Amino acid sequence: MQTHPAKRVEIIIEAPMETRLTAALEKAGVTGFTVLPVLGGSGRSGRWTREGQVGRAGMVAVICLIRPDRLDTLLDAAFTVVERHIGLVSITDTEVLRAERF
Amino acid sequence: MQDILSLAAANLLTPMILCFALGVAASLARSELTIPEAAAKTMSIYLLFAIGFKGGVAVNDHGLDASLGLAILGGVVLSFGLPFVAFALLKVLTRLSAIDAAAVAAHYGSISIVTFVTATSVLQSSGIASEGYMVAVAAAMEAPAIVSALWLVARSGQAAKMDADLWREILLNGSIVLLVGSFVIGLVTGAKGMERIDAFIVAPFQGILCLFLLDMGLVAGRGLKAAKGVLTAGALAFGILMPIIGAAAGLVVGLGVGLSTGGVALMMVLAASASYIAVPAAMRVALPEANPALYLTLSLGVTFPFNLTLGIPAYVAIAQAFGG
Amino acid sequence: MQDILSLAAANLLTPMILCFALGVAASLARSELTIPEAAAKTMSIYLLFAIGFKGGVAVNDHGLDASLGLAILGGVVLSFGLPFVAFALLKVLTRLSAIDAAAVAAHYGSISIVTFVTATSVLQSSGIASEGYMVAVAAAMEAPAIVSALWLVARSGQAAKMDADLWREILLNGSIVLLVGSFVIGLVTGAKGMERIDAFIVAPFQGILCLFLLDMGLVAGRGLKAAKGVLTAGALAFGILMPIIGAAAGLVVGLGVGLSTGGVALMMVLAASASYIAVPAAMRVALPEANPALYLTLSLGVTFPFNLTLGIPAYVAIAQAFGG
Amino acid sequence: MQDILSLAAANLLTPMILCFALGVAASLARSELTIPEAAAKTMSIYLLFAIGFKGGVAVNDHGLDASLGLAILGGVVLSFGLPFVAFALLKVLTRLSAIDAAAVAAHYGSISIVTFVTATSVLQSSGIASEGYMVAVAAAMEAPAIVSALWLVARSGQAAKMDADLWREILLNGSIVLLVGSFVIGLVTGAKGMERIDAFIVAPFQGILCLFLLDMGLVAGRGLKAAKGVLTAGALAFGILMPIIGAAAGLVVGLGVGLSTGGVALMMVLAASASYIAVPAAMRVALPEANPALYLTLSLGVTFPFNLTLGIPAYVAIAQAFGG
Amino acid sequence: MQTHPAKRVEIIIEAPMETRLTAALEKAGVTGFTVLPVLGGSGRSGRWTREGQVGRAGMVAVICLIRPDRLDTLLDAAFTVVERHIGLVSITDTEVLRAERF
Amino acid sequence: MQTHPAKRVEIIIEAPMETRLTAALEKAGVTGFTVLPVLGGSGRSGRWTREGQVGRAGMVAVICLIRPDRLDTLLDAAFTVVERHIGLVSITDTEVLRAERF
C-alpha cells in the first residue's frame, strides 16, 4: 500500500496550557491534531496522578501528524508556548496513508 | 472556651471530618483506594450547584438589600489585601523566592469553596442562620488575589505572563460560573424552584460532602507524602498562622459590613481558607516558575485540614462571641 | 393563548430551563466549565432507567390494553414518514446535497429522549396524566427514520453503507435497550418494585435533570459556536419549522390513536424532537459523507432549545385545547 | 420448601435481579449499552461506604460484645480453609493445572461484597435482623484465602511471586480500607452521624444497587461470551457446587459462633461467594501464569449469578430453618 | 538487550467505527492491538472534544505492533474500513522486546 | 529548530503491575515517564475492555523519552518487571527539543 513520509510530533504539556498550545498551532496553520488524556507521570517535579483531582491538574498529550516541510512552523509555534513551561516535544519519522489529507 | 472545645469535639467526630481523616490515612498508608477523577469533579459540581442554588433561594426569600453589595465589596477588599499580608509573612518565616512567595500569597487571598461548604453545613447543624448571598461573596473573592500576587511579582522585577485569555479563564472559571449561575437560578426560581429539586440538592448534600472529603483526604495525603522536602518549619508555621490572620481580618470586615453571626463566621472562613483549584491552574499559566508542590501542599495539605478540624469551630464560636 | 403564554413563562423560569441557558451562556462566553463525559453518560443512563421504570410501573398499575399497540404503530408511522417531509422541506429551504438532507431528515424522524423526559416532568408538575407506555412508543420511534433516510439516499442514486451489524447496533443501541429493559422491569415488578427504588428514581429526578440540561447547554453552546458556517437562514428556518410540522403530525396521530391529553402532548413532543445521540452515530457509519456539524447543530443547537423553551409548553397547551 | 420457592420467586422478580438479567441479556445480544468505568467504580465506592457505615452505626446501637471477635475468627478460618476444599474439588472435576486451580481456589475462599450487599438488602426487605459487624467479618475474609492459594502453589513446586508490596496492596486494598474505615466512622458517630447522611446512604441505596447490578450483568455477560472455551462441564459444575459447599461451611461456622438468623445467612453468603475484584488483581501479580479468563468467568459469570438468583434466598431460608 | 524490528501502526478513527476496524483486523489475522481513548482534536471538520458528550462522539486511537512482513495485510484490512471515513493511519519503524509474542 | 536524538520507549502493561514498573524505573534512575490510560485491546488472551469495570482490570501505557545511552538501563529495569507478565515494550528513534531536560 502506498505510504508517504510524515512527522509525528508528540507534545506532552500541562493541561492548563492546552488551549494556548492548540491556539498557537492553529495560528501557525497546523489544523490537524489529536489530544490524548494522561493518567499520571513523573519528572523532575516529582510524581503526580490525575486520580481524584478536581482541578485541571496534570498533563495532556497532543499528537500532530504533519508533512515534513511543515515541521519547522509547527515546532516554532509549539516552542513559544512550551518555552517557559513544563512540556516535552518529540518528533518521530513516520509514514502515512492518504497524504492528501495533510 | 468550653463552647469552642465542645463544638470542636462535636465537629471532629462528624462523618465529614472522619471521612477526610480516613482519606489522609489511606493515602499515607499507601492504600490504592482512589476515587475516579470524573466522580470527584462531578461531586464538586454538585456541591457548587447546590450551595449556589440554596443561596439564591435564600436571598429570594429574604429579599436583596444593600448589604449584599457591601459584603461583596468587603470580600473583594480582603481578597486583594490578604496576599500582601501573606507575602510579608512568608518573607519573615521562610526563604522563598519572590515568585514562590507571591504564588502562595495568591492562594491565601483567594478562597476554598469546600471549606466554605463544610462551614455552611456546620452552621446549619448548629442552627445558626447566615446570609444566602455569602455564596456570591465567595465567588467574588476567587480572583482579586491573583491580581495582587502578580503585582507583587512585577514589583520584584520579574515578569508574570498575564494576558486577556488568562483573565477570561480566571473570571469565567468553572466554579465561579457555576456558583454565580446557580445562585441566579435559585434567586429567580425561589421557593418554587427549590420545591422541585430539594430532594436532590438538600437531602443527600451532607452524604455527598462526606465522599468528597474522603477524596480530598486522599489527594491531600498523597500531596503530603510527595512533598516532604518543601515543607520547612517556617512554611508549616505559615500554613497555620495565615488562616488565623485571615480569619481575624474576616472578622473585622464581617462585623464592619454588618453581617449576621453566621455571615461573620462564613466571612472568616473565606478569608482563612486558601484556594486549591482555581488559583493553582492560573499560577501554572501566569507563574510557571513557581513551585506547585509548595503552594498545593500548603493549601491542601496544611491549611485545609487545619480549617476543617480546628478552624471552622473556632471561627463559629468567635463569631458567636462577637455577634452577641 | 393566555394559558400558553403563562405556561411558557412558568416553563421558562424553571431550574431546568435556566440550567440549560446557563450551559449555553457559559459555552458562548468560553468558560472552561465542563461536566465530565462519564458524568453526562451516567446521568443519561439514570434518566432513561428512571423514565422507563416509571412507565412500566404505570402500565402495571393501569393494565395493558390494545391502545399500546396502536400508539406504537402510530409512533412508528410518524418515524417512517417524517423524514420524507423533512427532506422535502430541506430541498425547499436549503441547498443541501441529497446526502446531507437525508441525514438531517433521519434525525427529525427519530426522537430526542431528553426532550421527552423534560416534557413528562412538565406534565407532571402541571398535574396532567399520560400513558405510561409512551416510553415504549419513544423507544419504537428511534430507528424507523433511519430506514427512510437511507431509502431517500438510495433513490438519489447514492450508496449508503448498511449492513446487518449496523442494524443490530441501531436496534440494540444503549438507549433503546435501557428504555425497553427498564420499562419491562417496571412492568414486572410494579408498585412493589417502585417502593424499593422510588427514593432513587423519583425524588432526585428533577435535580439530576437540571444538571444534565446544564451539560446539554454546554455541549449545544459549543456546537453553535463551532458551526457558524453551516447555519444558513434556510437551515435555521428548517430547525424551527420542522418541529412545528412534526408536532402537528404528532397531534393528528395522537388524537387518532385515542391517547389522553398528556399522551397526545407527548406524541407531539416525540414527533417534534430530533435525535442527537443514536442517529448521529448511525449516520457516521452509514453516511460518512454527510456533514455532522450540520445535523448536530440543527438538532442540538436549534431544535432542542426551541422545543425545550417554547415547544413543550405550546404542545401541552394545544393538546389540552384539543383534549377538551 | 414452599418458603424457599416463594422467597426465590420473590427474589427473582425484584428490580435488582432483573437489572442484572437485563445487563447479561444486553451483553449477550451484543448491545453497545455500557456504563462508564468511573460510574461503576463510584457506585461500588458508594455501596461499600454505605454498607460499612450502616454496620458501624448498628454496632454503636447494640454495643460491641465478644461475638464480634468470634465471628471474625470464624470468617478468617473459612477464608483460609475453603481454598483447600475448592482446590481438591477442582482436581476431581477438572484437569486444571495446579496454578490455575490454586488461583480459582483463592477466589472462592475470599468474598464478593456485592453478593453480600444484595443479601443484606434481601434480609432487610424480609424484616430479618443481622449483626452490624458482619461487614467487618466480610472485610476480614478478603485476604486469608490468598495465603492458602499461594501455599498450595508452593506445595506443587511452583513459585508464586509474593513480596511485602503485594501484602500491603492486598491488606490495604480499596474495598477493605473503605469498608473498615466507614464501619469505624459509623461506629464512632452512631445515630447522630446517621441522621446527617441517611438521606444519602439509606434512601437511594437499593436504586443504586440496581444500576450497579445492571453493570455487573453487562460485565458478566461480556465475560461469558468471551470465555466459551474455558468453561468445561467440570468447571461449570464447580461454579455451582462450590458455593453450596461454602454455604454449608458458613452455616456450620455461623451457628457455631452463635450468630442470629440473619448473621448466619450472611456468613453463608460470604462463604458461598467468590471474589472478582481484589483477588483477581492479586493473582495477576502473584500468579501471572494463571488464566484470568478462567477465574473471572467462574466467579463473575457462574457463581455470582447463581448466588444472586438461587443462592441467597436458599441460604436465608436455610438459616431461618436452623435459626428456629 | 536483544530487540527485534517491528512496525508500530497507529490508527485514529471515529468511535462508531471502532468495532468495525477491530473486526476487520481480527479477520485479517491481526489479533494484537490496544485502544487508547482520545480527549479531543481538530481537523478539516473543525474542533471537537469529548467533554460532556453522551453519544459515541469522537475518535479513538488503535495501536498495533506488528512484524514487518505482516504490515501489508494489516494496512489492507485497515484501509477497507477507513476508506470512506475520517481516519488517520501512520506507520513507524520500531524495535520490540520478546518478538516471539508477535 | 535544534533537536536531539532520543529514544521513545512505550511499555503496555497490566494495570496491577504499573506501580511495580514505575518503581523499577525510578530505582534504575529513570525519573521521567508518562502514563496513558488504555480503553481496551486484544491479544493472545482475547479481547478486553475497561468499560464498566470495577477492579484494576486492563492495561496502561507508560511512555519514557530517554537519552540513547540510558536506554539499556531502562530496558533492563523494565524487563525484570515485564518478564513473567503480559506486557509489550517497543523502542522508537525520535528527536526531542530541549535535551537538557532529559
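For clarity, chains are labelled A, B, C, D, E and F in written order, and residue numbers in each chain start from 1.
One rule holds in what follows: contacts are C-beta pairs under 8 Å (C-beta built on N, C-alpha and C of every residue); 3 or more make two chains touch, one makes a residue touch a chain.
Source: prediction; values computed, not measured.
Among the remaining chains, those touching chain A as well as chain C are B, E. Counting only chains that touch, the fewest steps needed to get from chain C to chain F is 2.
Comparing the residue numbers each copy contributes, chain B and chain C share less than half of them at their mutual interface. When you average the Cα atoms of each chain and compare centres, the chain farthest from chain B turns out to be E. One copy, chain C, sits rotated relative to the other, chain D; on C-alpha atoms the angle is 120 degrees to the nearest 5. Per-chain CA centroids place chain B at a distance of 38 Å from chain F. Centroid to centroid, with C-alpha atoms defining each point, chain A and chain E lie 18 Å apart. Chain D and chain F have CA centres that are 34 Å apart.
Counting partners per residue, chain D has 32, 34-39, 41, 203-204 as the residues that reach two or more other chains.
Contact of a single residue of chain A with at least two other chains is seen at positions 19, 36-37, 47, 49, 56, 92-93.
Pairs of chains meeting the touch criterion: A-B, A-E, A-F, B-C, B-D, C-D, C-E, D-F, E-F. Interface of chain A with chain E (complex): residues 1, 3, 6, 8, 22, 26, 31-37, 60, 65, 92-98, 101. By the touch criterion given at the top, residues 34-37, 40-41, 44, 161, 165, 215, 218-219, 222, 226-227, 276-278, 280-282, 284-285, 288-289, 291-293 of chain D touch chain F in their complex. By the touch criterion given at the top, residues 10, 12, 36-44, 47, 49, 59, 61, 72, 75-76, 78-79, 82, 88-93 of chain E touch chain A in their complex. Per the touch definition, chain E reaches chain C in the complex via residues 14-17, 19-20, 45-57, 84-86.
On chain B, the positions that touch chain D within their shared complex are 13-15, 18-19, 22, 25-26, 29-39, 125, 203-208, 210-211, 214.
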